[in-house]
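What follows is a single structure, written as structure tokens, with notes after it.
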Amino acid sequence: MTDTPDPEILVARLLERDALASLLGVELIEAELGRCVLRMTVRPEHLNGYGGGHGGILFSLADIAFAMASNSRGHIAVGINASISYFVGTKEGDVLYARAVELNRSRRLGSYRIDVERADGTLVAAFTGTVHITEKPVA
Amino acid sequence: MTDTPDPEILVARLLERDALASLLGVELIEAELGRCVLRMTVRPEHLNGYGGGHGGILFSLADIAFAMASNSRGHIAVGINASISYFVGTKEGDVLYARAVELNRSRRLGSYRIDVERADGTLVAAFTGTVHITEKPVA
Amino acid sequence: MTDTPDPEILVARLLERDALASLLGVELIEAELGRCVLRMTVRPEHLNGYGGGHGGILFSLADIAFAMASNSRGHIAVGINASISYFVGTKEGDVLYARAVELNRSRRLGSYRIDVERADGTLVAAFTGTVHITEKPVA
Amino acid sequence: MTDTPDPEILVARLLERDALASLLGVELIEAELGRCVLRMTVRPEHLNGYGGGHGGILFSLADIAFAMASNSRGHIAVGINASISYFVGTKEGDVLYARAVELNRSRRLGSYRIDVERADGTLVAAFTGTVHITEKPVA
């Protein structure tokens, strides 16, 4: 049974091709079917006008985890919508983890929950997103 | 009456200090109290693993417009949460506009709607966000 | 061309069969393809523990408008997700209007924005929702 | 130390005063500080135009759990916004549980996650909501 690629290999390949992940410095920690953990350190270029970590950066980190988890089953999945709540601020040097889990998956739709945490376990932001699942295999 | 800064000048200054806006190439088109229009062109480094514009880029553009509109009244406003729906894909070279309007503003809370459109007027994504308004003036 | 039913007739029929709409007292004001306006008066049984209109009632009114607008084109549409922001409180006797517009519609997905307003035009709540469009005709 | 009421007693009292909870038949199963579990059975008057449980009913159940959990600490909390994703349909007679947990709570803001499950443990809907916390005690 070689028709389903190993999710860890598949996600590593997808992440490598994701230009925004490279731009932001997002690393893969682990991936399974429907789940993954990513890591990113808040850099000077990630700050907003007040010197804190930009909300767009937290969203992007969660959004990349969302893409990885939803594509990990081998079919191309396209984001339909997402929402995020921000709980605590971040600052330069903070190490952030995005942990994605699958809430539900049917033939055409999938929903994922991504918690963004600091290295000390504090919940920084909570993200929920839904994808449309296509019939195309992830190349 | 010099205590309320001109929103166009204030937003231009805030945008200049926003490192993510610089990284992404976001430009200010216009700003008024509670409203603004920003522009960004989809670049090679904004693409996802399939060669389309990254959802995180669309969110970031809308999120920056959200920050500019919600801070334009002169008090520091901090994002509480946001949601986005994606309608059509984007590709390298697409010129995108984010148009932010104020839905509601009380002493402590404000809500903003941001439409992200292509130059031809097609609605690419719809964003809604809520801020907590602090008592601190925008410096 | 009799294969597409008149949206006003179709929506009136759907609303009549919607038990929650009857329970809440929701009335149809107008319907077109992808749009509708509904009306509801806040009743004593719609109040929360503090004597104000319940958030669940505002959501339900918007959600019914969402269902009507998304089904108005003649195919059964099923809600995937929705978000709502509340701006001002309501009280017994307030007359509320829900105005639904179509933001986007593809073969399989549709997104709708519903503004809930008081009779004086004040924006009470803003709702956005997405449906999955099935191939089954609305009966 | 009698100034903080017992959360189970406080929530029971609040739920009793919630007219929508009575209308829908929502029962309290348990409540702690920042958490609660509610139960509701899908009734004939909760159905949509297609004979399935109405999305507005699922939202209302989750929304009531959100109100109970966010008020359980003894200060009046007012909903700012909420989002819900629907995963599987429900039908008449389904027994539903809403389980609310606190994601974050600061002096002025609180965020809650509510999972709506069938009695067999299937996740039916996922809800996230944010409140503004006032200085007024729950009466």
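Per-chain residue numbering starts at 1, and chain names A, B, C and D are given in the order in which the chains are listed.
In this section, a residue touches a chain if its C-beta (ideal position, glycine included) is under 8 Å from a C-beta of that chain, and two chains touch if they have at least 3 such contacts.
Keep in mind the model is a prediction, meaning the values are calculated, not measured.
**Q** Show which chains lie in contact with chain A and also with chain B.
**A** Under the touch definition, chain A and chain B have C, D as mutual neighbours.
**Q** Name the chain whose C-alpha centroid is farthest from the C-alpha centroid of chain B.
**A** Relative to chain B, the chain with the farthest C-alpha centre is D.
**Q** Give the chain pair, either A-D or B-D, that is connected by more C-beta contacts.
**A** Between B-D and A-D, the larger count of C-beta pairs in contact belongs to A-D.
**Q** What is the distance, in whole Å, between the centres of chain C and chain D, each centre taken as the mean of its C-alpha atoms?
**A** Measuring from centre to centre gives 22 Å for this pair.
**Q** Where the CA atoms of chain A average out and where those of chain D average out, how many Å apart are those spots?
**A** Taking the average C-alpha coordinate of chain A and of chain D, the gap between them is 28 Å.
**Q** State, to the nearest whole Å, the distance from the C-alpha centre of chain B to the C-alpha centre of chain D.
**A** Inter-chain centre distance comes to 33 Å.
**Q** Multi-chain contacts only, two chains or more: what residues does chain A have there?
**A** 80-81, 83, 85, 111, 130, in rising order.
**Q** Taking the touch rule as given, give the residues of chain C at its contact with chain D in the complex, in rising order.
**A** Those residues of chain C that touch chain D are 14-15, 17-20, 22-23, 44-50, 54-57, 59-60, 63-64, 67, 71, 76, 78-86, 89.
**Q** For the complex, give me every residue of chain A touching chain C.
**A** Against chain C, the touching part of chain A is residues 80-81, 83, 108-109, 111, 130, 132.
**Q** Please name which positions on chain A make contact with chain D in the complex.
**A** Residue positions touching the partner: 83, 85, 87-88, 103-104, 111, 113, 123, 126, 128, 130.
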